[in-house]
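Got some structures for you, see below.
Shared between the two complexes below is chain A, which pairs with chain B and chain C, respectively.
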Partner chain A sequence: MTPKISLLAAAWLVLKKDWQIEWRTRARLTALIFFSGATLLLFSFAMGPDVTSLRAHAHGYLWLGLLFASVLSLGESFRIESENQALTGLVLTPVEPRAIFIGKVLGNASMLFVLSLVLLPITVGLYDVTLTRVPHLLLLVLFLGVLGISAPGTVYSAISANARARDVMLPLLLFPVLVPLLLAAASATKLTFQPDPQDQLGSWLKLLIAFDLIYLSVGFLVFPKIAEED
Partner chain B sequence: MPASIPLLLLLALAVMVVVHIAVPKTRTILWKLSAALGAVMLGLLMYLGMFYAPPEAFMSNVGRILYVHVPYIWMAFIAFLMNVGCAFGYLMKKSWVTDALAESSAEVGVLFGAVGVAMGSIWARPTWGVWWDWDPRLISTTVMLLSYVGYLALRSFTEDPERRATWSAAVGILSGVSLPITYYSVRWWNSLHQVQSSTASVDKTMGSVLLWGLATLLFFLFPFIVKRYEIARARQTAAMELPPLEAPRPEAA
Partner chain C sequence: MSALAVEAIDISKRFGARWAISRLSFSLEQGRSLLLTGHNGSGKTTLLRIISTAAFPTAGTLKVLGFDSKKQRDSLRPSVALVSHASFHYEDLTAAQNLLLSAKFLGVKDPAATVKELLERMGLAARADSAVRQFSAGMRKRLAIARLLMKAPKVALLDEPFGELDPAGILQMEQLIRSLQAQGTSVVLATHLIEQGLTLTQERLHLEAGRKVSPS
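For the complex of A and B:
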């Protein structure tokens, strides 16, 4: 069957649908903000009141907060589709399943990106970091990082939404794959918070872009098969 | 020992694998033969590694773990590559054979990889002074192993065989991305771990012993994968023959 609308137009519709669902309740974003805000607060309790040490590791706490929140966010993004067999309905529409993948990845990434923007002032408040050194690069790192979490995350959440013990399954599958991304994103964020005397930010950004491209293409390749099985 | 001896053994194993696939009748014997030969070769490997090969130039006798550590990790790579191949195969054309082979190779790969990492850790203690170091090669190898542990967990948590096969094929491909990262990690980043060891990167005598180690473990890898594959096939058949969980209730009179 030939798709009636183009891939990107269909992806845009899926994205708009996800945004609309979120906008009507704003429940997911609110929960995510409180959850990751509490995580950041807990890190400062666990590490003790030493401001110098907290500032030195703020980039790591920020990304761990985002990573933990992403598991909740990704899990929810396909849970809403499993109610009333909504995903089956979506797959049955005359659009490419790949459009669903692109729409979902962008939906998840935009949600996490908004979350990261909210977390930035909290990071300043709790860990006293400087955001104004290279703000445009910081935003780029955050965007590439959340896109990298969403690309494999969307594939894994589509799988785990229907698996037994889905709350355990998603982090179990996702966290090992995200280790290179976490390393690159945290290191790049550190170099936007602190001076970068050896000019290493570029190489971490390249790693982030490579990670995003690899997982976006692999997800693009395998997602239709998963959607079929759902 | 000339390097041609382990090479000839490798050729013999390749013939055995081909015959095993092509002639079903030989399937009950060949894996046993391979395991028996492997056991004999393992005994010889102990001798060759401990006494025949010269001590390593910098690490002295500690370096002798190379003859088992490196082949174990290679076996894990071979098994995981097989898993990725089967995953692609399954997604292109659904087949229970590729699914069972994928399951078998992932589990055997995790086993061999875990032993290889444990050996690396034992080696690191006297050489680096620590059991574990946060080094790119070690991190990437652990990530690779963990992603296949996740793969196996997904398989055991999914009951529907067809869903399990498709999902795990997708996860297998995503996990496969970690293979080149692990392999090239010592070249891409400044790693404490030395670059890849091969028969060309070490002394001739050491190279032939390393090749012997590789051949020995391949003789074990073959029966491991074959037996685990047979178990996976038997489980698939059993799952297909099971009656539905809930029998239809008789109508109330």
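For the complex of A and C:
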């Protein structure tokens, strides 16, 4: 006998459950907004009042703000699964571990996407960038970028959830993996803020899509091993 | 399919250098119940986790309802339920939301009605919309039992089910165990309340340092 509902239906329930918890407490998103907003503000102070310089590097600061916030978000995402061994409870219910992976990735990605939407006007205010050049492509870059953070992030936060130094371990595991994503996401975002005379945005978008597909596939394959005890 | 609810053949479980279960063999027929006794750290909880497929033997073979607990875990899991020290609940969801989530995962036909009925049966209806974080240990235990009942398992694994319950709760737990048994469910019960456990079960397995020994 297999679980009575489909993989996607189970993944949807996991995603819905994560947002239900967030809606009840509103703790994670509130903390993330204040943390990443403060990060962007500190970057602007560190760079000084040179508007040209601030505008030139805004894309990088936006993604660093999202990256640092993602560590908090991903850690919290699996703290709720560790409490009362809820993740084990899901697996024994039984819920297919791959459905849990898909649901958690989408939950983490949607949380970071909402955060990125909140950060955009802050970025405009602090760094004087223009969002209206190709807004649909900017949204696509943000979506692909946060999905790329969430796919390996979900795997590594599940691995580090029960570790003794989990708060330190997660960024240590995650940041090296995210270097190509950060490069692609920041470069693509820059080309949505500024003109793209050499038409490079498409190449960066392809790199983002490839990164997402690779890490979604890897996570889909390895997550059952992580979710279950030997 | 085998007529055995549980069949352990020379199973062992190691955590690092320590053997929590060591070369343990026993069997339990379907419909019969087992009392699991032993001191703290004797391996009772580990054995229940292994039977539930929350963990797997390091060596040996464990069959539950005829299914290999590791290789056929997906087939086995819908028929086995564990009430453990960890409640498996989400602290920030309400009692009703937690049960509703389980009901939807299990594909229960009328989840809302089932959840309402179970909360009433476990005496939690008045606190259905309270977050589990606000629950006492006894209420959490009742909620865990409600979740077990929703699954209607063929093998029910109860780890210290009387712990944290008040006298009325203990009486209700005894009645629940008997009603599960009346439906043909095999109950594996780990408790330090040996006299109480003996009245509810037909078999006994006493563990010391993960090994089967005769109870003294």
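In this text, the second predicted complex is superposed on the first by the 228 of 230 C-alpha atoms of A that agree within 3 Å, B and C clash if a C-alpha of one lies under 4 Å from a C-alpha of the other, contacts with A are read in each partner's own complex, and residues count from 1 in each chain.
In this section, a residue touches a chain if its C-beta (ideal position, glycine included) is under 8 Å from a C-beta of that chain, and two chains touch if they have at least 3 such contacts.
All values reported here derive from a predicted model rather than from experimental measurement.
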Who does A:P180 touch here: chain B (first), chain C (second), both, or neither? first
Please indicate which partner A:Y215 is in contact with in the superposed arrangement: first for chain B, second for chain C, both, or neither. first
Please indicate which partner A:V155 is in contact with in the superposed arrangement: first for chain B, second for chain C, both, or neither. first
What is the contact status of A:L131 with respect to chain B (first) and chain C (second): first, second, both, or neither? neither
Can A:L64 be said to touch chain B (first), chain C (second), both, or neither? neither
Thinking of the overlay built on chain A, is A:A163 touched by chain B (first), by chain C (second), by both, or by neither? first
What is the contact status of A:E229 with respect to chain B (first) and chain C (second): first, second, both, or neither? both
Following superposition on chain A, which residues of chain A contact chain B and also contact chain C? 229
Tell me, which parts of chain C touch chain A in their complex? 49, 52-56, 58, 74-75, 77-82, 84, 86-93, 97, 101-102, 104-107, 131, 151
Chain A touches which residues of chain B in the complex? 91, 139-140, 143, 146-147, 149-151, 153-154, 157-159, 162-163, 166-167, 169-171, 173-175, 177-178, 181
Touching residues (chain side chain A, partner chain C) in the complex: 1-5, 10, 13, 17, 20-21, 24-25, 80, 83-86, 88-95, 229-230
Seen from chain A, its contact residues with chain B in the complex are 152, 155-156, 159-160, 162-165, 168-169, 172-173, 175-177, 179-180, 183, 214-215, 218-219, 221-223, 225-226, 228-229
